[in-house]
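Quick heads-up: structures coming right below.
In the two assemblies presented below, chain A is common to both, partnered first by chain B and then by chain C.
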Partner chain A sequence: MPIEGLVFTKNPVELQNQLLMGFISITFNIQSHQAVLVKAANNTSRQVTLPEVEFSVVGPKEALVESLDTNLYLIRKRLPIAELAVEEIIVGKLSKTRVAVIHIEGIANRENVETVIQRITDLKVNQIIDSSYISQMIEDNKHSPFPQFIDTERPDRLAAVLGEGKVVILVDGAPHGLLGPSTFVEYFAAFEDYFLNWTIASFFRLIRFFAVLFSILVTPIYVAVLTYHYELIPKDLVSTLVISRSGIPFPPILEALILELVIELLREAGARLPTKVGQTIGIVGGIVIGTASVEAGLTSNVLLILVALSALGSFTTPVYQMGNTIRLIRFPLLLMAYFIGLIGISISFCFLLVHLLRLTSLGRPFLEPIYPPRIYDMRDALIRLPFFLQAKRPIEVQTEDTIRLEPKEDSKD
Partner chain B sequence: MRKLLPAILALSLLCSCAQPRVVDEVNMSQAIGYDLIKDDMIEGIFVIPIFQQDTMGKYQILSGKSTTASDVQAVVSKKADKPVLLGQTRIILFSEEIVHKIGITELTDYLYRDPQLGNRIILGIVEGKVKDVVNTKPPNSNVNIGIFLSDLIKQQNITGNGPDTNLHLFLRHSLESGGDSYLPIIIKRGNHVAVSGNALFHENKMVSKVKTGDMFVFKTLVQFHRRGIYKFKLKDKKKSYIVVESIRSGSNYNISGSESQPSITINIKINGQIKESMRSDNLTNREMVKKIEHDMEDDLTRQANRLIAEFQKKNIDPIGLKEKYRAKNKKMTYEQWKKIYPTMDIKVKTKVNIIQTGVSE
Partner chain C sequence: MAAKSDQISTFLVFFLIIKIQIGVGILGYQRIIIQSAGNDAWIAVIISGIIYSFGIWGMYKVLNCHDMDLIGIQKRLFGKWLGGLLNIIWILYWLMVGISVLRSYLEIVQSWVFPQINTWLVTSIFALLIYYVVLGGFRVVTGICFLGICIPSYLILTFYFPLEYTHFRNLLPIWNHSFQDLALASKQMSYSYLGVSTLMMYYPLIKNRKSSQKWAQLGNLTTVLVYLFITILTIGFYSEGQISRYIWATLSFWGIVKMPFVERFEYIGIATWVLVLVPSVCLYIWVSARGISQYFNIEQKKIYALLLILLVVITNLIKARKMINQITDYVANIGLIMEIPYVLFLVCLSTVISKKRKIKK
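Up next, the complex of A and B:
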């Protein structure tokens, strides 16, 4: 009978550890002080299913599951090479969680790999429940609202970024993998972009960037313009805005805050409720609260449209964590817009920009390729150029082997 | 971070003193008119839109009297439920009389200083009383008289023969030494208002006018333009009318001669198409087109010469020859210019090029 994972040990501590992980210890002879450990753990885990968070219409439809071994298999089957290196670290005094750091030898920068391994080894925590614990604990700036590791449930995406020279972290019990170093623009690139023609993919990306800017700025600008800068309103829009505002008892800031909070409430309620009930929340929120508050004269219908659109804009972000960030940073901007108008928006935006400029992911600049400007990396940033134009791996990762597309031999004619 | 946080908090506390001007809590004037009553009393007339559901173009007219333009605003605010603010103003009208008595620089000083007023608002001179113009009902009842007038002047500048005008352009000309600038004139005829020529300014006062018929030539001398329309008579027995629409026209200036006796050559170039020909001749005939070009050149040169002679006689320089000359001779002072300008040798050369004769034939 073939038995996998046979371990011979003399170490009583290891014996104890492995027994607790579901191994059977067999001792043949008391004098030899040696035991054979046979893996007999009943690995009950979920079947590999469809990705739900990062669903894409085209492309592979496998998602990671809670078992590290299955996840490793899902990656290894896409990269069946000897260079795929997996380093396993046990973290957590209580949970003894297996954390795997994966990279490709000869491509990934050693420095990145060492940084990740060292930061994980240095963790002195009791429990690791999910990969998000790891990402929060080993981030460069732990106070930043911006995530610095991309969180993905797609094994194909993990395999793709390994090929780019990035480092992947998998955690046993977590159906999401982490990848780093990451850049700001990567959070707005859906993995589906690579399955579509580059013109279409670039268009979708630009739309997403526009949606995010719109989502952050539109309500603050509404508040600033209506409170301070009435002279900026085009003459054909004045009557629309004033009529929609007339009879509303609140100043623009309160009106905007109320609506923004309503949207956040709806989102939160929808997230906490089971799927079936969640759908009714959407109807209740959209139809009842929206139209009723306009009819009751509590909010202006122009603002209702803007807030709804900006919420929609924030949901276009492919990475869930970044979507949350986008929704949060709107509020300080809103308050500053109320305090000092457009100057306030400019100041807050400068703060935001400075923060992003200072932010790093595994020591690599977060705002790259915009700053520091790296023209080559622009090919897969705001837009995505075709694959044959991306012959080199991203400079940001500082890979050891930079060429990923061998030049054609008959390229001379 | 510990030091930064109180700073940020303090910022918001300190800045909360900014004066809010919420859109529905102010009266936004969309047009302002200034009339002179008695010797130095100014009457300011403010057109303020009233925004209501389902009705468009409702407005109220408030007026107040005082001795300065900014004080008029304060007086008017006393008569209204909400403060009257100028930020949405699109057009400002002055009567000919007030410009004559007080001076345009003094009147525009307040507009120039107020940051709420954009540089793209339109200034206009009214022949007669501003009050009469402002009280006219616009033929399009969807807009108020202020928007109507500003749209009227804007579309005339884009599609017609009016030279581009706004506060910025006006100040640029009028703050130069000499203060030679121009503004559109609005007059009331019967029940409607219309643009009629340009008012010319010199040293703070309105000194002359460009008639409607001369506007095309004037616009060509002042700027490059598209879509202006020029009508003239052919010089033959039938004297039939030809209408030419400009496609791209403008003029170049060449300065030659000595410092004491400079001469300026103005090269007018018209690229146009025939819009209408009141004559049955076939225009595919190249000879005929040549004749039209030639006659139009003659006609334009004559008109331009007449205009410039008139300017020289009055010693005004609305087409900005002084600045063109100064580009060649930086030592020139305004006094010198005043001396040499009336007798300066100014030649006009015109080149008309008919590109298109239309779809017929």
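Up next, the complex of A and C:
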């Protein structure tokens, strides 16, 4: 029969499984117990569309969709080689979700691949609805607010990291792929960085790091300074601050907490509503509530500026989940700033650093290349150097084949 | 031998050595050495630096000869009882240094930022932080030491501000003090370099330990250069009469830092100093816990809680400034004997023993 995907089987369990997956069973002879399974499932799925979460002005504009087969095709068309290995695992007692673990043989470290496969096979769950289920269940540290797998909807990004030697996980029904092992700095690298000239890309990346640092620290510093360390600010600036705060009935910590929570509220409301209503809410919240609360004397306008800027800063992270984390970790810092001022901020910053130091992604250090310091990997971390300077694959991944760019001359090193 | 996952890259020894030598002392060591050696104090900085370089050489000699940590070496050389006693002295010494570092920092916080701070609360928070670090194992301790150098290193830039008012002519005439003065100043300066002995505990965890000496020496050299720079700056910036009134001379430098958005930079400096201080205390706590676990055969993780409770309690029991000074001096004096002469004695002893064994064979 000229039909693709024919399966002959005698096994009644398999027969049943395949029937439930949309196959037709044809039995020729009852005595032989053999059946032919013909694939007849009507796979309705969304068309491949523009990436919406990780939008980029330049570069490919395809995003993953909910169908695993389409997603695999999107990756395979970018890597048409025999070494691209796909391992499929069925997970979930109820959902029977197909999970594909993809890597390139000869480049990816076997250990990484086996860790991922092992962790997925060990899962004893009922349902896998989305790839984020998998990422939460197989993370190294399940209690950390930091994501340890990068979540992306761009097939081009997945293809690129496969070439770096990383492992990619795709889940049927999920329009997002996971990739690991990942490092902290990777979460601040937009994939668009690679489409721009390296000087511009590096500048943008540094801006992003600065924005995130600013976003975490600025409100705690405001609270610490205005609660304890007035002397820290020069005379002229202090007068500006005092004028903006005069007549405000709340202590700085309460003021900051209220405003931060208002921003979170706006974000949450915007996220839950349809796009157009969400925009309106943003305008109403941002402009009307902001101005009104300053005019009513509930908050100082300096703090309003700082909180709005820090919210903006947290939105610069290209990976959505990291942005959430950045917004969350501001609150413990705020409280510590209220209790012991600048020293409290330092201590909680230390806690943050230690937490990052202790984190691993698939057993590889998360803070690499900052610690353990690896100069080579620094070429694509805080800044991105041109491609010809990145002849080797990142050390972090411990690839089997480390050379990415063949040298032109036959020179060593 | 240690598990491979616990081992650290060889060049990280560089950072561990710098970290342990630059702690709270650097904020106010100048007064003491300038009182004894005046404008020649910088020579004392170099002399004691060379002595420490010699000490590191000695430590590597002993360690390479036995290829185990200090606890094992002392057990082997002096037997169960005498070796055990020496081990306990070392462990207590490390613990006490860690405590005195933390206490000195709190003293600074009390006298500069928060006079009324609740020390129990703050030390408990510090203890929690340290506990979180040391539970991560030696790699995390090294990591925080590394970041504890990289991040606060921006403070070096702030010394640009006093540079403007520095009169380098204060250094002249060179060598106008007697040898006794210089010797005294060198001895006092040595306190600032204390802590290198921790090397003898983490030595087995270095990847290419036998060839790591150059990194340790380089670390020591960097420390000497930093101290030298600050000493020369101090001599040029303050007059001798003035310096005797400044307990924390380095902190006072920050008094003249002026930026359009920051008036009193000391506050930022002191807050950043948390990142300088926590790693050293972590390293001391890790080393003492390691010592105990090696000597008594207890799992290392179980000891931390006890050590940190001790840290909190003792730090809070030491209250008066006088008492802090006394304890610091006391610990430093013991350390001075143990880190240099005692190590050299160990070098002699192990060479004699290894020669004897060769003859026997």
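Note that the second predicted complex is superposed on the first by the 406 of 413 C-alpha atoms of A that agree within 3 Å, B and C clash if a C-alpha of one lies under 4 Å from a C-alpha of the other, contacts with A are read in each partner's own complex, and residues count from 1 in each chain.
Everything that follows uses one rule, which is that a residue touches a chain if its C-beta (ideal position, glycine included) is under 8 Å from a C-beta of that chain, and two chains touch if they have at least 3 such contacts.
Remember, it's a predicted structure, so these values are computed and weren't measured experimentally.
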item	value
Clash or fit, chain B versus chain C on superposed chain A	clash
Which of chain B and chain C A:241 touches, first, second, both or neither	first
First (chain B), second (chain C), both or neither touched by A:210	neither
Partner chain in contact with A:251 - chain B first, chain C second, else both or neither	first
Which superposed partner A:371 touches (first chain B, second chain C, both, neither)	second
Contacts of A:233 with chain B and chain C, given as first, second, both or neither	both
Chain B versus chain C as contact partner of A:335, first or second or both or neither	first
First, second, both or neither for A:73, with chain B first and chain C second	neither
Touching partner for A:387 - first (chain B), second (chain C), both, neither	neither
Single chain B stretch clashing with chain C - from 171-179, 189-197 or 333-341	171-179
Those residues of chain A which chain B touches in one complex and chain C touches in the other	228, 231, 233, 235, 340-341, 347
For the chain C and chain A complex, residues of the former touching the latter	8-9, 12, 109, 113-114, 117, 121-122, 125-126, 129, 132-133, 136, 139-140, 143-144, 146-147, 260-264, 267-268, 270-275, 278
Sites on chain A touched by chain C in the complex	228-229, 231-235, 237, 340-343, 345-347, 349-351, 353-355, 357-358, 367, 370-373
Contacting residues of chain B [partner chain A, same complex]	1, 11-12, 15-16, 18, 20-24, 26, 28, 30, 49, 51-53, 56, 85, 87-88, 90, 116-118, 147
Parts of chain A lying in touch with chain B, wherever the complex brings them together	143, 226-228, 230-231, 233, 235, 238-239, 241-243, 245-246, 248, 251-252, 335-336, 339-341, 344, 347
